[in-house]
Every structure is written in structure tokens, then in C-alpha cells.
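Each structure below appears as C-alpha cells.
Each of the two complexes below includes chain A, the first together with chain B, the second together with chain C.
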Partner chain A sequence: MNAWGFYVATLLIYFGVDLLSGISLNLQFGYAGVVNFGYVVFQAVGAYAAAVVVLGPSGGVASFQQYVFGARLAFPLDLLVAAAAGGLVSLAIGMFSLRRMRRDYQAVVLLIVSLIAIQLVSADVPLFNGANGLTGVGWPLGQLLGISATSSPWIYAAWVLAICAAVFVGVTWLSRSPWGRSLRAMRDNEAAASAMGLNITALRLQVFVLGGAIAGLSGGLLVEYIGAWSPGAWGYAETFVIFTAIFVGGVGNYRGVVIGVLLVPVIFLEIPRFLPAIGYPGLIDSLQWVAIGLAWMLCLLFRPQGILPEKRLRVGRPVGPPETAVAPAEGAI
Partner chain B sequence: MSTPLPATATGPDPVLVARDVVVSYGGVHAVDQVSVNISPGGIIGIIGPNGAGKSSFLGALGGQVKRSGGVITLSGQDISSLLPHQRARLGLARTFQTTSEFGRMTVFENLVTAAEGDRGASLKSVVLHPRRTKMREHAAAEHAWEVLRRFEMERTANHYGRELSGGQRRLVEIMRCLMRSPKVLLLDEPMVGVAPHLTHKLVDDLRAIGRDGLGILIVEHALEVVRQLCDQVVVMALGKVIASGSFEEVVQDATVQAAYLS
Partner chain C sequence: MGQLLASSADGIVVAAILAVAAMGFTLQFGLTNVINLSFGAVMTIGGFTAYLANVAHLNAWLGMLLGGVAGAVATVALGRGVLRLYARRRTQLFEMMMVTLGMGLVIDYGLQAISQNAIYGYTVLRGAPLRMGPIAVTPIEVGIIVMALVILVAAEAALKFTKLGKALRATAVEPSLARSCGIQTGRVVLITWTVSGFLCGIAGVVYIISTQSVDYSTGELFLPLVIAAAILGGVGSIRGAVVASLVMGLVTEIVAGYGGAAYSTVAGFAILVVVLLVRPGSVSGGAEDRQLVL
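Let's turn to the complex of A and B:
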């Protein structure tokens, strides 16, 4: 395979992983109004969980890398463990950060959790090998098929995109269900939603755990492709890239999220690679983050609804006698 | 001092009983031992100057405001310690001082969401019982159209909540409450922002709702509305009940005139 083919396939894989993140954050923020500034933590949890159940038993301090709970699980347990770990850690964090707290405080708490988690994992070497991270992570499904992720990146890309499609369909269906409608009611006015009989704490936790499981799955998929994971891979700024993508694409619109993820993390962050070197080394990389911030601000200023705004779910008036008429559905209702 | 109040002198057993309710903010008693009984079909009005504690009292009944003392029962069940959604599920519905429509949802969705509330909107029922969920959704849709017709709001079904006028938003809040078929309706200044011609209609609608057997507690500044609508009027000032009785009785009360009407 030539270098360009490998590059494009890798871009597709990153697109798929970022799309999973975008879907998850859009469900949490776009539908439920939960501002998860600690999103990347749950992706990292999935990545670490998948890594330790693929790497096999740890060699301990004598080995070049230490980690807890080493095992060698076959497909699909690796990805199920990744998703379950993301969901469980979300539940644990959500239990204290989402209960009876205002939305802005929740956002700050989750950002702080993100900062603490990265320091903790970096400092506690026996946990996941500290700042050096884990390496040598394989692809269990590929082992079953007799291929590796890096030698067959197109197959891996197809696998990631297939999972994306399944998650996209499932989450879209859930979002249009009565449960999704309850999330939107909670987003628009928590006090009124609660006064209508909706259990706000339960709804918040459910959406947080579901989003955390998707985040864990995305981390598992990414680590099985790149083969390594360290604290350098999950800085809190990664969360803001995905937030920018859903703001640009359209908050509350999953198709908009696809466009946003294509534009921001994929194209927007890749273009600078092809720019001639200017200024001191690393200047262009730093300017990428400035550009991300600018994109977010410009979007909020000039098109706050994003490229594809949230879709209005229209209903038609009932036909026939009023007593027996049922609203013909368009969209969710 | 507590002030127990029958909803109507000869009315049926009260559905909502609030006894000696206290709400404190820091050391200040915003609501000080206020009691009220609401009977099915009874309409009680609470009036009083700004800062009297009317909305805090309503919040304490609905569970939005933390109660420092007193007991609240609904159909004989003590709901004093229940969360707002638990009280709503037992039959308590309310509107808010600031309109609380779901702004990025259509009027139709506002209504259907309220009807589903606890019954069909859980993740478990959506995933495990999709057919039952669909049936409930259709039933909610039918009910929503009925309520929209009753309030002549069918044309706004596909409007977002944020696109409505102030008066229409108030109507959406009331319609949303009715979608839950509640036992008691708490209305916090429902006439604010409502155009005069709509006010008359809303008064008629509320009377009709009361005739359906719903108990209504209404906080309102528009005295003419209170006169037309309420069987009993409670006057609050500085967190306490200073008078109660029929509208004509309370407006003659010297304490009320001194505190509020003069």
C-alpha cells in the first residue's frame, strides 16, 4: 500500500472515532443539555480497558510496561469491555457530578475530573504505565481473520465505519423516541420537565452512561488501530475539538455532526500538515488550537444553529372525526 | 400562627392539604406557617404584594422550593419529602411565574412530553416494550389534539415554544398540565403577558377545568381575575396569611387594605 492510501485510510479511521465522539456528545449536550467537558476521560478509559484485556498478563515491574488487570480476551469481549468500562466510570463520576447541581457547575466539575484523571494516570505508574503509556496493543478481530490493523487499514476503516453506522442508527432512533423527547424537555427547562413527572437525575445519568459507553467504544477502536495509548493522547483540549465540531455541524442534528466532524477534526486539523513551515518549530501546531477556538466563536456569532440546525418534527392535523383521529406521524411523533 | 382554610365551606374532602408550611431563606421566613386546603373543583386564589411569599409557597407545594416545616398531603398521602417529579406523578401539576415552555420543542411535542411523563418515556420501556411505547405515543397524540382543540390552539401545533407570544406560552403551560390529568393544578400568575381578550377566555377555560373536578390554586396579581374565578381568596403579606374568605370579604378587611390594597 502506498503512503497516500495509508494516510487516507487512517484519516477515515480517525473520522469514525471522532464521529462516535460527536454522536455521544451530541446526545449528551445537544439533546440532554449535559455539558460533558470531561468527555475525553471516558474515551481514555475505554482505550486503557481495551489495551489491558488485549495485551495479556502484565509482566510486573520487571517488564517494560506495567498495568493492572492484564488479560487476553478474544473479540468481541475487548470492545465490550471498553464500552462497559466507559459506561461504568461514567456512572461513578455521574453519581457525584450530575446530582442536584446546576449545569454550569457540572461542566466545571467534569473539566476538573478530566484534569485530575490525567495527572493521576501519569503519576500512578503501576496503573497504566504512567506517562509512557501502553504499547503493543493488537487487534483481536484482525487476529481471528489473520490480518493486522496497520497492514490492512482499509479493512479496519470499514470496520470502524460499520460500527459508526450502527451507533448512528441506534442513537438517532433513541433520540427520536419518547425518551429522546424527555431529554429535550430536560434540556429546555429542567424545572418544568421535573414538574411534568420526568426524573431529571435518572435521565441525566442514563444519557451520561450511554454516552460514556460510546466514548469507551471509540477509545477501544482507536487503541486497537494505533496500538498505543498514553496521557498525551487524551488532553482535555480533545473534548473541545469535538464540541467545536458539533457546534459547527449543528447542535441536536446528527447529520450535522457528521459534517462537523468531517470539517473540524479531520480537514481543519489536517490542512496545517501541508502548510510550509513558518516561524519557530511547533508554531503551526499551536495555531491549530487558536483556529479551533476561532471556529467555535465565529460559529456562535454568525450561525449559532450550525450548518444543519436541529430538525423541527412537524405533525399533520388529524383527519376524520376528532374522537377517533390519530395524528399522522412525520418524524418522531 | 397557622391558618387552616377550607377550600369551600360545604365542599368535598380536600385533595391537597398544606399545614403550617414554612419556607426559610437563610434566617428569613419567606413563608411562615401557611395552611391551605384545596377540594376537587375548588378554586383558591392567593394574592398579596410583591415579596409576600406567594410563589415560594407554590414552590413548596410543588417541591421546587425546600420546605423548612409543615406537612403537605395529596389525596391523604404525605408528599412533604417527595421530589417534584414524584409529586407530579401523584397528580400535582403546576405552571411557573416565568413561562416555562420547552422552547426548542413544538407545541405538540410540549403536550405529548407532558402526557408521557412517567408512563412511556423511560429508556427501559422504549427499548424493551417498543410496541407498548408506540401505542402510548399515539394515545398521547390523540389527547394532545383534543387539548389543542379545546384551547383553539391547533394552528400553533408545529410552532416552537419560543416562537409563541407571552399569552400563548401561558396557554401551553396550562395545556401541558392538563395533559397529565392532574388532581390539583397550581398556577403562578397565569395572566401575566396574556392579552385582555384572551384573559376572559382563559378565565372561562379555568372555570370549566374546575367544573371537571380539578382543584386549582392560583397566585395572581390581577384582582378582577381573582374576583371572577376564585371561590376563596387568601391574602399573604410578609410570608403570613393576613386574611382569607370570599373576594368581597377580604377586600373589606382593614388589615388587607392597609397591607396591600390601599
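Let's turn to the complex of A and C:
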């Protein structure tokens, strides 16, 4: 296993995790119309949940890391717990943030939720070991097979991509189902959908929770590869990378999400690694974020519908001028 | 009791700093209806300008003034130069917020690149604290409180008594009607940006005077509190912003005094979240028909 092989395998794993994140955010934003600026919290919850049920019982204050709960569950319970944790937290947060309020307020509230979460977790050491975070997280499936994640990254990559494929297929199938149609109805014309008898609040919450569960799952997969997780890994800026990815690729459709995640976190953010080291150390990292901001702004300016805009299903002959597929939910709040 | 008094005094100082920023923010927000997420970045620009003025051995008050000017210039340049582009393409209100987010990222990390990600000390205008029982405030902190009050009174008076103030209020409520009355809304927006940007720059300088350091993330960390205070105080309401800042400042410092600094900002934010939970209508009512004014 040479360095290149390890690098490419790791890249594939991150691609898979980011793809799950993109799918989750696409569900929450593209379908439920929720601007989840606090997205990274759900991924963090899943990661912490998976870590805590894999590390075994906590040693309490005396040991070098303390955390709540603690168990040593076998595969597949660890990932199920991660997804469930993400879903539960998104249920709790959704209960108060999905009320009828201005979308920009909603975005600010969710951003603030993520800031509160990071402060609380960093400060409360008995919870998840505070700012130092958790380490030494293993991979239960690997333990079953007798391999470790970092020594066989290609196998882990295959595992992650298999899960991604399953989620992708599931989510695409769901979007073609009657439930998916009601989602699009709710998104495109909430008043009409509500008049047709759809329970908008329930639908929104369902989508939000599903997105949260997938985010939790992505966190669980990530933490079992890296083996560690701390507040430094889930700053609010991480959310924007995924947002940029789904915008660039095209909100509202999953193939767009794949392209966006391929372009932004993987290609765009990895290119600087191969540039010659210019300026002082860290200059490239700063410029990377500048580039993300610019990409975001340019995308919103020139192609807000993304590379692959959502395919609008046309039933019968269109009456009146065709609508342009711009960023979703102008008719909603 | 002594702890409570001391924390309250600290809270009023924090509130004053927050109020200057919140007043600037709510002025902009009330008129254009856009939550300008690059406000924090402009605060950092103001802070760095004052720092550079200090390095050039200019008077500290002149540095503050220059910081305000820098903030005004930056806000107008961003509003006219960047946001106009998007308004022309008929971007929606909420997408504008995302554009300002991108702008904020570019400025923040551009500043990080230029400043080489270092933290710069800014120890000016520090005096010995005056002690009154358990309360200890430095003269400059008193000065900041006075400044905030002066700005409050001046802004309220301008809005109420000057022709420009009336034009601003008219444009904020119903822009198309204001235009048909002959009010040049473009100029009103420009002047609002200038004043709001000036306050933003000043707020940035005031903030770094109290924290005694400046780095690229200065404004970024402060911005959520500013937005929370502005929203809590009601969109576009100057006195609302001040009252909300007072509440948040007091709660933040009292919690810090009793519970530890880590939970203080959590408490501050929690206020906004609780208010939105309990009475969402009170802070967000009637917003569906808000239009973008640029």
C-alpha cells in the first residue's frame, strides 16, 4: 500500500461521506425548503453516537477520555445508532425551527443552533470529552472481518460506496414515489398543496428527519475511518462546502448532487494540495476558502440552478409561459 | 450581590459594544430586508484599519474614525458593486443573504491570507479601572457606553426629525409608494449603507479595544450576537436593537459571572431561540411580502 493508493482510497471515502451529506442537505433544502445552515451538527451527532457505542463503557473522570453512555455494540448497530441519533436530534431541532417563519430567520436560527452546539460540547467535558474529543474509535465490521480501517482503506472505501449506492437508490426511489410527489408539490406551491389536503408540517418534518438520519449515518462512517472526532471537525464552515457542492451540481436532483460533490469537496479542494507551496504555510488554505466563497457567489450569479438543473416533469401540454428552473421554492415562505 | 453588580456592569459594557453594531445592522436590515452576513467581515476591516492607524502612530480616536470610514467604504462598495449585480438578475431576498454569506467568506479568508493568520495586539486607550464597590470599569468602557447612547439619540432624532429620516422610514415600509412620492430610493439606500457601514466599522474598532486584539475572525465571532440582537429588537428598530443588546449583554455577562464563560454566549443565543420558539409572530410577522430594496 503506497502513499498514492492510501490517498486515493481516502479520497473515495471522503467522496462517499460528502455524497451522503449532499443527499441529506438536498433533501432538507431542495425538498423541504429548509436552509439548514447548521447541517454539520447532525453529522457530528451521528459521529459522536457511533463513537460512543463503539468505544465501550466510559471510564469516567479518571480515564483519559470521558463521555456519556458508552457501549461496545457490534455491527450493524453502530451505524443504526448513528442514523437514529441524527434523526432524533433533527426531530428535536425541527420541532421548533420548522415553524412558519421567514426563511432567512430560519437559516440564522439553524446557524445559531450549530454555534450553540459547538460551544456546549466543547465546554461540557463529561458529555463527549469537550474540546479534546474522542479517539480510538474502531470499526466494528472490520473487527468482525479481522481488518482495520486504516490498514485496508480500499475495503473501507468499497464499504462506504456500497452504502452510498444503497442510500442513493433508496432516495431516488422515494422521490419517484407518491411521497416524493407530495414533497415536490409542497415545495413548488405550498398553498395549493395544503389546499389539496397535504399536511405540510408533517411532510417537512419527515424530510428533515430523513435528512438528519442520513447525515448521522455519514458521521458514523466518517468517525469509524478517522478513528477520532472533536469539535474542530465540525465547524459551521463545513456546511458551506456541502451547500456550495449541491448548488454547483444542481439542487433538487441527485445526479446533480453527485457531480457537485465530485467537483467541490473532492476536485476543487484537493487541487491546492498539488500546487507548489507559495507564500507562507497556510496561505493556500486561506485562499481555498476565498475560492469557495467566490465559487458560491459565481454559481449564484451565473447558474443558480446548477450544472444539472432539476428535470421538471411535464404532464400534458403546458399552459402559459414555461417556468425557468431557478433555485427552489420561490412560492414558499 | 456583589457578583451580580459587577457582572451587570460588565453586561452594560458588552451591551454598548453590541448596541453600536446592532444599530448599524438593523438600519441596513430594516431598509434592504437582507440579512447581511458580511457585516462581521466589514467589522474586521474596521478593526484592522484602526490597527494599521495605530501602527502608523496615529491618534487612537482618529484610528477609530478611520475604521468607521473604512467600514462605510467597504459596505457601499459591496452593496453597489456586488449586490447590485444580483439584484439586476432578480435574485430573491433569501438568496441575497446567501450571496452576502459568500462575500463574508471571501473577505474573512482574504483577510486571513493577508494577515498571515496571526493575532495582532491592540492595546490602546487602556486606563486604570475606576472602582465603585464591586464594580470596576475603565474610563474607555464608560466612553463606549456614552458613545452608544449618543449614537442612539442621534439616530432616533435623525429618523424622526430630518427629511432624510422620513424618506428612509417611507422607503422601508413601502418602497414603490415612496418612489412615486418622489423619494429617490437609490440615494436613500446609498446613504443608509454609508451610515450603517460607518457604525459597523466603529463597532469593529470598539470591539477590538475591549478584546485588545484583532485577527481575521474578530467580526465573524461577533456577528451572530449582532444578528440575534437586531432580530430580537425588531427589524429596523433602532431603540429595539439597543434594548435587545442590553438584554443580551446583561444575560451573557451574568451567566458568565455565575456559570463560567463557556456558557455565556450560549445563553445569549438561547434568548433568541426561546423567543422564536415561544412567540415566532412577534419577531417575524408579516414578512412574506417583504421585498428586496436595493
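A few notes on this one:
FYI, the second predicted complex is superposed on the first by the 313 of 333 C-alpha atoms of A that agree within 3 Å, B and C clash if a C-alpha of one lies under 4 Å from a C-alpha of the other, contacts with A are read in each partner's own complex, and residues count from 1 in each chain.
The rule is simple: a residue touches a chain if its C-beta (ideal position, glycine included) is under 8 Å from a C-beta of that chain, and two chains touch if they have at least 3 such contacts.
Given the structure is predicted, the values throughout are model-derived calculations rather than measurements.
Legend: residue contacts after superposition of the two complexes on their common chain; A:99 is shown touching chain C, with no touch to chain B.
In the superposition on chain A, A:115 contacts chain C only, with no contact to chain B. Using the contact criterion defined above for the overlaid structures, shared-chain residue A:151 touches neither chain B nor chain C, since it reaches no partner.
Within the superposed three-chain model, A:206 lies in touch with chain B and out of touch with chain C [touch as defined at top]. When the two complexes are overlaid on their common chain A, residue A:143 makes contact with neither chain B nor chain C.
Contacts of A:177 after superposition: chain B is touched, whereas chain C is not reached.
Residues 327, 333 of chain A touch chain B in one complex and chain C in the other. Every residue of chain B that touches chain A in the complex is listed here, in rising order: 62, 64, 83-85, 88-89, 93-94, 96, 100-106, 108-110, 112-114, 116-118, 120-123, 126-127, 133, 136-138, 141-142, 144-146, 149, 154, 157-158, 160-161, 173, 176, 180. Interface residues of chain A facing chain C in the complex, by the touch rule stated above, are 35, 96, 99-105, 107-109, 111-113, 115-116, 119-120, 122-123, 237, 240, 243, 279-280, 282-283, 286-290, 292-294, 296-297, 300-301, 304, 327, 330, 333. Across the complex, chain A is touched by residues 34-35, 82, 85-86, 89, 91-95, 97-99, 101-106, 108-110, 112-113, 116-117, 224, 227-228, 231, 260, 262-263, 265-266, 269-270, 272-273, 276-277, 280, 283-284, 287-288, 290 of chain C.
Contacts from chain A toward chain B in the complex involve residues 174, 177-179, 181-182, 184-185, 187-189, 191-200, 206, 252, 310, 312-315, 317-318, 322, 325-327, 329, 332-333.
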